[in-house]
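Here you go, one structure.
Every chain is named by a letter (A, B, C and D) in the order it is written, and numbering of its residues begins at 1.
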């Protein structure tokens, strides 16, 4: 893990990059990184995020600034701007079931080619997907999903990069921290090594490439 | 969750049952449950366990008492009794890669039909399995694995059944606690509700069917 | 009684001690208000919590503790938090005993449509498809009709949420079950007759010899 | 120098600060002894630990903190523990920078066989197949020959551990790489000539113009 400034971290992300962003309706989202992505005007992003949050909050800021050109998410119902951009064909949107979303990312992070899920069988979600039978039951083959960058928000990070999360701000962060080439983390608190007990570490240090240092 | 005695708990397991047992080389194994399985002479068991431990320790006790008729594991090299029973065809043994072992159990617990893994492609492990291509790369389809009973060992259990694990005794326990019809748990310490912080719970209480009470 | 409260109170009677329960947004959320205090039910919020409590008291809300809509909630003693892979492992894996969801249509075969109206803005299915596919019992809590049209239809015209049939539909007029594979009128709301239910229901309902009134 | 120590010391030089490293049982385990103190390497034990430390001092061992062989180990400050799904997610997902394993045979294509001798008792592959399939770099640490027979063979006669070629083989006589898809002699052990290595190697080795001596 390397400590960097938020400016340096975001400078590594080119326009047109694919980014996974943790958070659920803006809870557990690395706001400082997104503010900087907006400031540096990274355009044409492929965004992988559970939802579109709301305008002004979380990944909602990326839609406010019209920086997203492709989106994979599970629900964008609470962000009218994201909806408008989708309806105006400014964004190509792939809406998928939430359990499938997280398993695809987990597969990407864990070296699996995909998983077989019963979710979506016989629905519109099955269109164009392989249907695989196991013991007489049908499953959809859902393939792994990865990104160039994962933007992750933790509660505690120690000097090595071990991470813990708080309450419902954990959500997609630990899974995304495994599924990208480069993992960039903001933390509410940076603490000495040993403050986080081994059994409480959720994301082990070697998964973290960059931690945003205090100013 | 219902608190029960170890005798009551094991009485629920019929001979011939399929059981998953947590632990890695006997570390993190519910020894009290296994001692009682031996005492009650449950025979013809289908055992799903990472290894065969060593004679006298962990699941090794089940081989000492010749209670196992089928075994799915990843490595039995340190238990000569298990090996002898395998070579004498007293036990049908399925040895599979450890990452595949844990993903199959996780799939069973998480409602997935299976996963696609690169592990084993082009080796003897691939025999009889479906090979599935995703984006030009080959994967083995490994199907979900479940059992009638999971015997789990935790470090702390609270009065509701929330569980945490200690150090390397976690291993397969949390995954198995999701993949069986009936989950029976021993804990090193039973503690009041609230002693385990929500962020530290690894196995949430609703997954636990029975907790072995202190005598 | 308010129609929504009739529905919420009746659904609450379906819950048992020890159940892990997931409540959807809207009418389902109200169900938690009508669970007897002595009934120990675990409520899951699919954004990563078991043991959701009521809205926090003034000044106690924490921005990192919210429900799936992003609104502040509290957590009860014995709560557990986890990531989304675990949350949907619980849902898909059959560990959620009861899920209560809203509906747009339920048909005579018990199929639910609740995520998409073609031609309208599609917000996305969120966790609904996983919940209907994976929960042990699926209960739909919805008004019997919308704009004078029955939401209990012969065949769903809207895209399905899952091909897995729901177990129970609770409306402001009736309780409808699908145990035999076909929609069956189990109960009527207080003061509502069987004939009144049939008159506003598009689907053919099997009508047993006796149809008791809902207990609330 | 003891052949095993030559191997362990040479492999240790392949590790970089920040690497997540998994060491197999046997010679690979010795590698940890030769990592310079200023090199911050994370060692993983696949039973669920990153940050393994040396054997605990007398009286400090804990029965719930062991290596993959069940032997007591210690954990360094900043260690992390996790379940086996996470452990193999790290391994299969390419998060382990270097895995060091023992071998029975490595062939000219870099294929490794290290888990099974047909006709003998088969103990099982444990985590070996996942490690070879998933780690970013696979290093085989083994004696060059066993009972006078080369373990660097033209074609593996034993069942393969993976079809993914290994990156490097370090023996008591040589370092052999597979960057070009074919076995190439990269280095010789101190006091060992290229001709001596070729004489005891069954596989055809590509021999570059200069073959330096191992630095240890």
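The rule we apply is simple: a contact is a pair of C-beta atoms (placed from the backbone, for glycine too) under 8 Å apart; a residue touches a chain by one contact, two chains touch by 3 or more.
Treat the numbers as computed from the prediction; the structure is a model and nothing was measured.
The chains in contact with subunit A and with subunit D alike are B. Comparing the chain pairs B-D and B-C, the larger number of C-beta pairs in contact belongs to B-D. Centroids built from CA atoms put subunit D at 29 Å from subunit B. The distance from the centre of subunit B to the centre of subunit C, with each centre set as the mean of the Cα atoms, comes to 34 Å. Work out the mean CA point of subunit A and of subunit B, and you get 32 Å between them. If each chain is reduced to the centroid of its CA atoms, subunit C and subunit D end up 54 Å from each other.
Multi-chain contact residues, meaning those touching two or more other chains, occur in subunit D at positions 49, 75, 81-82, 85, 88, 91-92, 133-134.
Residues of subunit B found to touch two or more other chains are 103, 106, 110-112, 117-118, 165-167, 170, 198-199.
The list of touching chain pairs reads A-B, A-C, A-D, B-C, B-D. Those residues of subunit D lying in contact with subunit A across their complex are 18-20, 42, 49-51, 75, 77-82, 85, 88-95, 97, 133-134. Contacts from subunit B toward subunit D in the complex involve residues 24-28, 50-51, 53-54, 73-78, 83, 86-87, 95-100, 102-103, 106, 117-125, 155, 165-175, 202. Taken in their complex, subunit A has these residues touching subunit B: 103, 107, 110-118, 130, 132, 134-135, 137, 139, 141, 143-144, 164-167, 170, 198-200. Taken in their complex, subunit B has these residues touching subunit C: 1, 106, 108-112, 158-160, 162, 178, 193-194, 198-199, 201, 204-207. Residues of subunit D touching subunit B in their complex: 45-49, 62-70, 75, 81-85, 87-88, 91-92, 116, 121-130, 133-134, 159-164.
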